[in-house]
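I'd like to ask you about the structure that follows.
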Amino acid sequence: MLSMTAIAVVRLRSLFGVVMLFGIYSLLSALIFVVLDAIDVAFTEAAVGAGVSTVFMLATLVSTGREEKPSRYSPLLPLGVVVVTGAALVWGTLDMPHFGDPGNPVHVHVADRYVQVSPTEVGIPNMVTSVLASYRGYDTMGEVIVIFTALVGVLSLLTIRGHVTVPRHRTTGPDSRPYPVLQVMAMLLIPFILVFALYVQFHGDFGPGGGFQAGVIFASAIILYALTFGLNDAVALVPVWLIRVLAAAGVLIYGGTGVVSMLRGANYLDYDVLAHDPVHGQHYGILIIELGVGITVATVMIGIFFAFVSRAEGSR
Amino acid sequence: MVFSLFNYWVVIVLMMAGFYTVIASGNLVKKIVGLNIFQTSVFIMYISVGKVIGGTAPIVAANTELYSNPLPHVLILTAIVVGVATTALGLSLIMRIRQAYGTVEESEILDISTREDEAG
Amino acid sequence: MLVIDIVSGLLLLAGSILGLSGAWGLLKFPDFYARVHAASITDTLCAACFVAALMLQASFSLVAVKLLMVLLLLWLTSPTSGHALVKAAHRSGLRAVTWTPPADGGRS
Amino acid sequence: MTAMLAVATIALLAVMLMALIRALSGPTVFDRILAVNMFGTKTVLLIAVYGFLTGRPDFLDLSIFYALINFIGVIAVLKFVERVGENDEAEKS
């Protein structure tokens, strides 16, 4: 782990192909998360960092050009600032708790309760999911709304053009034949990816996974489709209005669950009352809001991807 | 004992690398990459704080007693997804900037806008 | 049990050696197409060795099925991406260097 | 057996290191993509091996997923590199 992190730092010195190296960097940090026992986080980081955000950055590069011009300012001043700040931070860490010590302050407050009680109280083995969806349901709802807002922001900045008019010569010219092998492969893989996304979505209670990861996986299937068959086909498959409606629907499912539990006489997002006994209620609640999260994340990612690519195509 | 603080130093090195990229690079896309690296360093810090030596992933399994702390995992899980959403927003702003100014270099944008101010 | 351990150990060793040789080729070969050659050919067999070794360890369970899925995916995706890569490189006008050994017999 | 798994882990790390060097130095963009691809497949294997090393092989979902993401990533990079190349040529001509 340590050596690999050091390599990740070396990577930063390269000026060209930064984005591609950023993909590697994400994979590396996801590996570090695996080593540090954070399986769910590794899942998300791999999906988001190595998959989706690399694709977004690439799409941006297409429309902005990929050469970086040398800065006119001397790099010495920022370097100095960085070194001084870093030194101050290192000095600060001398008082920090030691790595892996079970007596760390973070481990003595509510975490114990999560670890000890959640398997019986919420009744699902994956503590990350139970903390995410049940104990800290408000936080997660806030995050979902942030993501939804991001989609709104991106869509208001960049419009998705339903039918990109690709110039004729690009589609028929000898240099832009589609990759037949790739298309066959994509056709084989996409159903598998979709099934896998559903598995991750609904198996999230028992193993690593959950709405966030499943949403990204689902989106990545659509992204693969758009990459191999062209944007127009993908937009035909998942129309823009569907993205808008479903993204809002996901947030509504989440919020609606809270309202339902209020109507049944409990606090907002308290799932105990959703079924006859609390553990079942928790199960239903988590399943439903994870579904909401999954729908929102998937549609938001697809929407942002469409917006980026249609902008990139339109800029030519 | 010094070695047991190593994780923080790794985090700091990453953080400073991201910070340096943000302030020293004039290219807006590069700045976003720098921000992402900075962000990742914070993620690693949270997760490494949550690690318990001898513990295992916080999913209940037979014959394991000690688990790592699930709370940082949850915080970072959502933070990553929010991070990509904000990254996407930033990138789309960059695309608009490129459309408005024809460049994504900070210094050139400043030149153009000062020229416009003088002209207008 | 012992035999299984030995066999899977040997498979792991073989996989490691294959992977290392592929990486060595990736580093040392003179041009892009040679590197693709080194990397993608070793990739599949290396993956197969590792997965087979782990499957022997896992016995028959969901884990073994998942390993099989990993293997199938790698077998499907890795050659495909290699193919697409070479095709894209070829299209973009990258040509193999006609590498001729220098007359003095030394490495250039 | 644990020793063999550890040896395999170290070998995989070495392979990843070499791939990383190629990705950092690679003269053409395709070299980098190739290195990234190799890096990805080795990551998949490494996660599988690591799962067995720590005795919790439930996490193979993760490596299945890495294999997928790796593929999608490489395809995406290829597509966009082609487009950027076209743009560059268009600007030149």
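The letters A, B, C and D name the chains in turn, as written, and every chain counts its residues from 1.
Assume a contact is a pair of C-beta atoms (placed from the backbone, for glycine too) under 8 Å apart; a residue touches a chain by one contact, two chains touch by 3 or more.
None of these values were measured; they are calculated from a predicted model.
Novice: When A-C is set beside C-D, which has more C-beta pairs in contact?
Specialist: Between A-C and C-D, the larger count of C-beta pairs in contact belongs to C-D.
Novice: What is the chain whose Cα centre is as far as it gets from that of chain C?
Specialist: Of all chains, B has its centre farthest from that of chain C.
Novice: Just give me the whole-number Å value for how far the CA centre of chain A lies from that of chain C.
Specialist: Computed from C-alpha means, the inter-chain centre distance equals 30 Å.
Novice: Once you find the CA centre of chain A and the CA centre of chain B, what distance in Å lies between them?
Specialist: Centres of chain A and chain B (C-alpha means) sit 14 Å apart.
Novice: Taking each chain's centre as the mean of its CA atoms, how far is chain A from chain D in angstrom?
Specialist: From the centre of chain A to the centre of chain D is 19 Å.
Novice: In chain A, which residues are in touch with two or more of the other chains?
Specialist: Residue numbers touching two or more other chains: 39, 59, 61, 65, 175, 182, 189, 207-208.
Novice: Return the residues of chain C touching two or more other chains; collapse runs of consecutive numbers into ranges.
Specialist: 73, 77, 80, 84, 91
Novice: Could you say which residues in chain B touch two or more other chains, in rising order?
Specialist: In chain B, 56-57, 59, 61 touch at least two other chains.
Novice: Tell me, which parts of chain A touch chain D in their complex?
Specialist: 3-4, 7, 10-11, 14, 17, 20-21, 23-24, 27, 30-31, 34-35, 39, 42-43, 46-47, 50-51, 54-55, 58-59, 61-62, 65-66, 170, 175, 182, 189, 193, 196, 199-200, 203, 207-209, 213, 217, 220, 223-224, 227-228, 312, 316
Novice: Quick one: which bits of chain C touch chain D in the complex? Just the residue numbers, please.
Specialist: For this pair, the touching residues of chain C are 5, 8-9, 12-13, 15-17, 19-20, 22-24, 26-27, 32, 35-36, 39, 43, 46-47, 50-51, 53-54, 57-58, 63, 66-67, 69-70, 73-74, 77-78, 80-82, 84-85, 88-89, 91-92, 94.
Novice: Could you please specify the touching residues of chain D with respect to chain C in the complex?
Specialist: Those in contact with chain C are residues 1, 4-5, 7-8, 11-12, 14-15, 18-19, 21-22, 28, 30-31, 33-35, 37-38, 41-42, 44-45, 48-49, 52, 57-58, 60-61, 63-64, 67-68, 70-71, 74-75, 78, 81-82, 85.
Novice: What residues of chain A sit close enough to touch chain B in their complex?
Specialist: Against chain B, chain A makes touches at 2, 5-6, 8-9, 12, 18-19, 22, 25-26, 29, 32-33, 36-41, 44-45, 48-49, 52-53, 56-57, 59-61, 63-65, 68-69, 71-73, 75, 78-79, 81-83, 85-86, 89-90, 93-94, 96-102, 104, 106-107, 110-111, 114-115, 119, 125-128, 131-132, 136, 139-140, 143, 146-147, 150-151, 153-154, 157-158, 206-208, 210, 212, 216, 297, 300-301, 304, 307-308, 311, 315.
Novice: Sort out for me which residues of chain C touch chain A in the complex.
Specialist: Those residues of chain C that touch chain A are 73, 76-77, 80, 83-84, 87, 91.
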